[in-house]
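Following this line, the structures themselves.
One chain, subunit A, appears in both complexes that follow, with subunit B as partner in the first and subunit C in the second.
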Partner chain A sequence: MTAPLSRVDHFHGGIHLPDHKTESTTQPVAAMQIPSSLVLPLQQHIGAPATPIVSVGDHVLKGQLIATAGGRVSAPVHAPTSGVVTAITNHRVPHASGLSASCILIDTDGKDKWVKLPKPIANYADMDRALLIERIRESGIVGLGGATFPSSIKMEARNNSIDTLIINAAECEPYITCDDMLMREQADHIVDGIQIIQTILGVKRCLIGIEDNKPEAIKSMHAAVDAASLEETSVVTIPTLYPSGGERQLTKLLTGKEVPSHGIPANIGIVCHNVGTVYAIADAVLKGVPLISRIVTITGEGVEQPQNIHSLIGTSASELIARAGGYTGKANQLICGGPMMGFSMHTDLFPVTKGVNCLLVPSLQESPPPEPATSCIRCGKCAEVCPAQLLPQQLYWHSRSHNFDKAQDYHLFDCIECGCCSHVCPSHIQLVHYYRFAKTQIWSKEQEKRKADQARRRHDARVARLERLAAERKARMRKKKAALKSKKGGGDNAKKAAIAAAVKRTAAKKAAAKAASDSNQGATD
Partner chain B sequence: MQFSAYSSPHTGHSVNVTRVMAQVLLALVPGIIAMTWYFGWGVLVNILIASTAAVAAEAFVLKLRKRAIAPAIMDLSAVVTAVLFAISIPPLLPWWLTVGGMLFAIIVVKQLYGGLGYNPFNPAMAAYVLLLVSYPTEMTSWLPPRQLDMHSLDLLTTISVIFTGNLPQGLSWDAITMATPLDEMRTKLDMGKMINEIRTSPLWGDFGGLGTEWVANWFLLGGLFLLWRRIITWHIPVSMLAALLIMATAWWLAEPDANPFPGFHLFSGGVILGAFFIATDPVTAVTTRKGQLIFGAMIGLLVYSIRSWGGYPDAVAFAVLLMNMAAPTIGYYTQPRIYGEQESKDAA
Partner chain C sequence: MISAIVTIATLATLFGLLLGYASERFHVEGDPIADQIDKLLPQTQCGQCGHPGCRPYAEAIANGEEEINKCAPGGEATVLALADLLGRDPVPMDESVGEKIPSVAHIIEKECIGCTLCIQACPVDAILGAAKHMHTVIDSECTGCELCLAPCPVECIVMVPVEEGIGNWSWPFPDSSSGALPLPREAHG
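This part shows the complex of A and B:
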């Protein structure tokens, strides 16, 4: 087919940001090192937490399953290297709340001894797709772009309903370069992964979206796609404009179609995977290696040697920053993720999980603390840049006044929290913060309502049950009484009959005796 | 190592309200210079009086409200209000009217509603209208442009007139003031004169009034600067001017003798200033694009209607205030289609 595979459309809004990508791309991805200990949260994905299947003191091998998926929307966890489980306990995890969560702690033994891995599936084209999906699921693969949604679920979409695979390699957040470096160095393996996903989904058309500030990655991806001579797969260079890497924005850019509000790309025949995820899928299928490591960008003016490090999942942030030469005097903040959507952590004593793509240590100049907010002057800059085409100032107004119904009328839940509005706000209002607040308030209210509904249903059920029991008891009693009564009534008759019969019998006996004596008398006479 | 944690995004801000307001003030400079050139020192004196009064009033109310005074003063919004007001009033307006107008604008129209961002009405225009209806004589005592002015007052005399109300020996108010072109047009039309006759008066320039049309040109330049700096968007000015122009053209074509040339409407009175600096005040305007088009167009229609059939020669202030009232409703009904919103939903 020679028809154009794609045209680059555009999405509403967006902002140009200094990309700060070159700092961390001067050297190749640093090889993995085994830290002395690892912390593996049971929840590194969206969905139910995993269930540990090892106990304290167990010796585990590299790649060994240590926690199974806790449901359909969940992902298992594997040991990233060999060692001993020292605890299964609460530990600080990379989360905006800064709270702790259940983790498996492993003291590594440095031997890095592999468990017997599942067999590589080289001939995936001939395999049952269910088997491939199962492999991806068992390998604990989740969206590595940061969303951490279990990848296997996206594969389950029924055949034929999907016509386009989008590979998200936009990496639009400033500073982050892990996908860029991965594409530069592992393009062939990524293309293998693309072919696996194409096989599973039964789609030919694949669009790989890369922002034009990554010429080297574009070049190597082009070469790899050409080498694999994939017919309907093309690398599409998109303009650098944050947030082009948002799933919805990228979909619009590459296909001109919009993902329905409250829907998912599959609704319009599209499945979207992050390029890092694709690489992990190739690893899982072609090598049998579960997701136990990832590339993490360590950057910002606060670190000595900004770079990308191939890290074991569970490695402490402090360890990775030390590997990048440690902090400079300028280190002022520690951000998990990029400057636009990342969350800042109070300390570096947390593990890198599957979803952590970047540890950004900005200086005060790079990331100044928020200035005091002033009143909204309704200038509308926020609406100009909003990629979801919302009216952020209205959302702010209603979120701030706790008018959550109104906020939902203004499509609060279509907000992707990209931060464009906050960035351009001349009044320095932390808009995204208000939206998160409103969302959590609404969620907790809904939860309360659900709980209340459940309690009411339970109460109603209990009342009904008690009534039913009472009715049943009554019925039983009535029955018993009736039975007793009828028994009693029947007994009287029987007695009478018996008495009558007895009377009859006696009378007959008497009569017979009399007759006999009479006849005896007659005989002796 | 311990770090402080903040909510995302972590990029800092490139703009602030002060810078926005400062650019608005900068954009007003060419028009103000032109006004001073044509109408004398009074323009600058008024700006000074109004600004001082506005800032003082703002500080006073903020103190009463126990709010931080410095940041609110530093945002320059009170100064913008003061300047817009000062260039709308006659150059020799008694000082106490200017001060009174500013007290009303800042204390009642702005701060009583909650301060910057919460006021439903444009403070400068509300103050202007209050004075116009309360002190119609003072508020319509405009000086003629310099070409026609025989009695140009120097700075000191101007200050003295503004503060004492006493004119120099041998001058009377009737002698130094003159009807504005809009006034003239209206009165003469009411007298049944033809446009051609009316335009023989020396008061006229190429399109609008002599002088005023050039002041309008310089404000237009400032407006273009705001567009270029993306402080405002084209929607409100273009729709307002277009609506006014369409109305004026329609009536002019129908009856060219009884209706002034469309360009006259554009370059007289406060239309250009209003289109770029007043109707675009973000706080009191509509924020949706579609809504801004309606908002602007309605102001244009109102300006033409009031000028032609209403009780006042100029109408920008009234039109803007009327539409300020309608702005929230217009905004509500013109929400943009959001990303991924289903077409079928609209049909349903």
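This part shows the complex of A and C:
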């Protein structure tokens, strides 16, 4: 049953942006032909990269496991269609650096032949939750909202500590409409997914947060929730305000509770999943299908027919843009992600990964080059709009002067890089860029320190070992010497004794001979 | 007058005893300053500072026998950190040392004769192999100290700069003149 709209709380800051959502929602989600080749990065998630288990030349089937999780915080990778592995090599990946990373390249055979999938779990309510979690883990499901954190980890342990499930369907960033379209077209399957997660977590209360600029999605979700007659599950319409889809912001909106700094929603009894992830979980449990495809929004004035495309993971961005009618003359830039949190790519020859929700090709008018930055005038607008209630100015000063400890004192790592501060800055300072710079610098320092500590441990261990070996050798030598000495000493004595005995014997012999000759002489006389 | 002398003398004796007791009771093994310095050094154990490892260099700095600008792998960042710790003025890097780019050793395996000399030279046991068997460097453990280069009789060890990947990539410092994120020149690739 759908509860009446609960009262919505509010979060600090946020900005109103032109949402540009209608461009890409005029058509239903388009299917796409199987591309001739796919590129599957081994790292499409937060955590350790996956480990390939196929080799070049292997024939793989659709849904076949091709790389296993490289650790607890990691996710496996599956073949999105059947074909032949042509290489396991470095290939450009969608990353802000524009660098390459290890990928599995597959030439598709067009047959789209499925591997034998694990059995669907229809009666999930009676199943052991560990089994369901394992299914989600081995299906390679990660957060599809962009963070790509392995979903199974959010489900683990804490059976009774979670009281609320939040479904993040806010989709607050302009241009992006993949979640919107998914809810319009697949609301029932999403509700199935919600029930599965509710079973695993043992929670009844579920809040589905959707921004009020998606009336169709809200309607279809309402209908689906009603049809499933779920108790304590409600669709909550939230006002359109960027970034309401941030995990912490949405939690505050829906429950009025704040996620602690450095904490996660689970600390306050909440688990939050993106609506696309929920759909993928339903697929994995009810159909046994691993995460091998997702919906991607192709939009901006730079593409002919902005739309959403159901795309296989690993499809090249260039092919998706071609499917959307190709570039218009206005195309000026290619952004992977949305206009606020996405990053520019210098080429469209990169694959769509699990975390890519949007390819935005804005025109020059839509995304004009930033004006030259001038000095900060301390107006404080950035602090007013910061949804994390930070002090962007302080973070800026300290990041700019490489004073990273100070930046951390001002909770740099609570920054969600939403870009509100940069957007409102009258001096056009790219504040977020400074925070990203500071964050990566801090991470690389930490990495260096870890490496140094390890080197120190190994060096100390080596020194200790060499000392021990030297001591052992010395001890051995001493023992040998002593043994030799005692042997040598014993030998001398024996020799002396032998000589003495021989001398004695000769003397006795001589004496005896003399005595004999004396007595003989006496007898003859 | 006398009472003053007596008071001062008594106090002096008292504090002397107290200090003597404290130095015995709270005796610390080793040199805590050297430990702190050692923590800031990059632990490559390369010996480019003229000391046989990071720890000896740390001790030399702690004893005031050595400048803080001798660590090549640490570079200027280490000089600044040491200056901060010790309250000394930062000094420019020693020119004879010079900074290096991070790199790891790589053994050209088909040239290796299996002499084990490099294994003995490696300060962090990052080289794997046995006599008359090919050796190889464990990349993740190599500190790039270059100590294995000299002993190799067939010169089959080369230093390979650490490649920048998405794992160790850092956002560049923002270009404040334009305040812009790097924009792509051609979206069509």
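Here is the rule we go by: the second predicted complex is superposed on the first by the 447 of 525 C-alpha atoms of A that agree within 3 Å, B and C clash if a C-alpha of one lies under 4 Å from a C-alpha of the other, contacts with A are read in each partner's own complex, and residues count from 1 in each chain.
Throughout what follows, a residue touches a chain if its C-beta (ideal position, glycine included) is under 8 Å from a C-beta of that chain, and two chains touch if they have at least 3 such contacts.
These numbers were taken from a predicted model, which means no experiment stands behind them.
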Worksheet item: Taking the superposition as given, does A:Ala461 touch the first partner, subunit B, the second, subunit C, both, or neither?
Response: second
Worksheet item: Of the two partner chains, subunit B (first) and subunit C (second), which one does A:Asp414 touch, if any: first, second, both, or neither?
Response: first
Worksheet item: Touching A:His95, do we find subunit B (first), subunit C (second), both, or neither?
Response: second
Discussion item. With both complexes superposed on chain A, which partner does A:Ala331 reach: first (subunit B), second (subunit C), both or neither?
Written reply: both
Item to complete: Please indicate which partner A:Gln43 is in contact with in the superposed arrangement: first for subunit B, second for subunit C, both, or neither.
Response: second
Discussion item. Which partner chains sit in contact with A:Ala452 here, subunit B, subunit C, both or neither? Use first/second/both/neither.
Written reply: second
Item to complete: Mind telling me which of the two, subunit B or subunit C, contacts the most residues of subunit A?
Response: B
Discussion item. Contact-wise, after the overlay, does A:Met345 reach subunit B, subunit C, both or neither (first, second, both, neither)?
Written reply: both
Practice prompt. Using the touch definition from the top, say if A:Ala31 reaches subunit B (first), subunit C (second), both or neither.
Written response: neither
Worksheet item: Shared contact residues on subunit A for subunit B and subunit C?
Response: 318, 327, 331-334, 343-348, 369-372, 428, 430, 433, 436
Worksheet entry | Touching residues (chain side subunit A, partner subunit B) in the complex | 11-12, 17, 98, 174, 248, 252, 258-263, 318, 327, 331-335, 339-348, 360, 362, 367-372, 374-381, 383, 387-391, 393-394, 410-411, 414, 417, 419, 422-428, 430, 432-433, 436
Worksheet entry | subunit A-facing residues of subunit B, complex | 1-17, 19-20, 71-72, 75, 77, 114-118, 233, 282-283, 285, 287-288, 331, 335-342
Fill in: subunit C - residues contacting subunit A, complex
38, 41-45, 53-54, 123-126, 141, 143, 164-166, 168-174, 176-189
Worksheet item: What residues on subunit A touch subunit C, complex-wise?
Response: 43, 93, 95-97, 99-101, 302, 318, 327, 331-334, 343-349, 361, 369-373, 400, 428-430, 433-434, 436-437, 439-441, 443-444, 447-448, 451-456, 458-459, 461-462
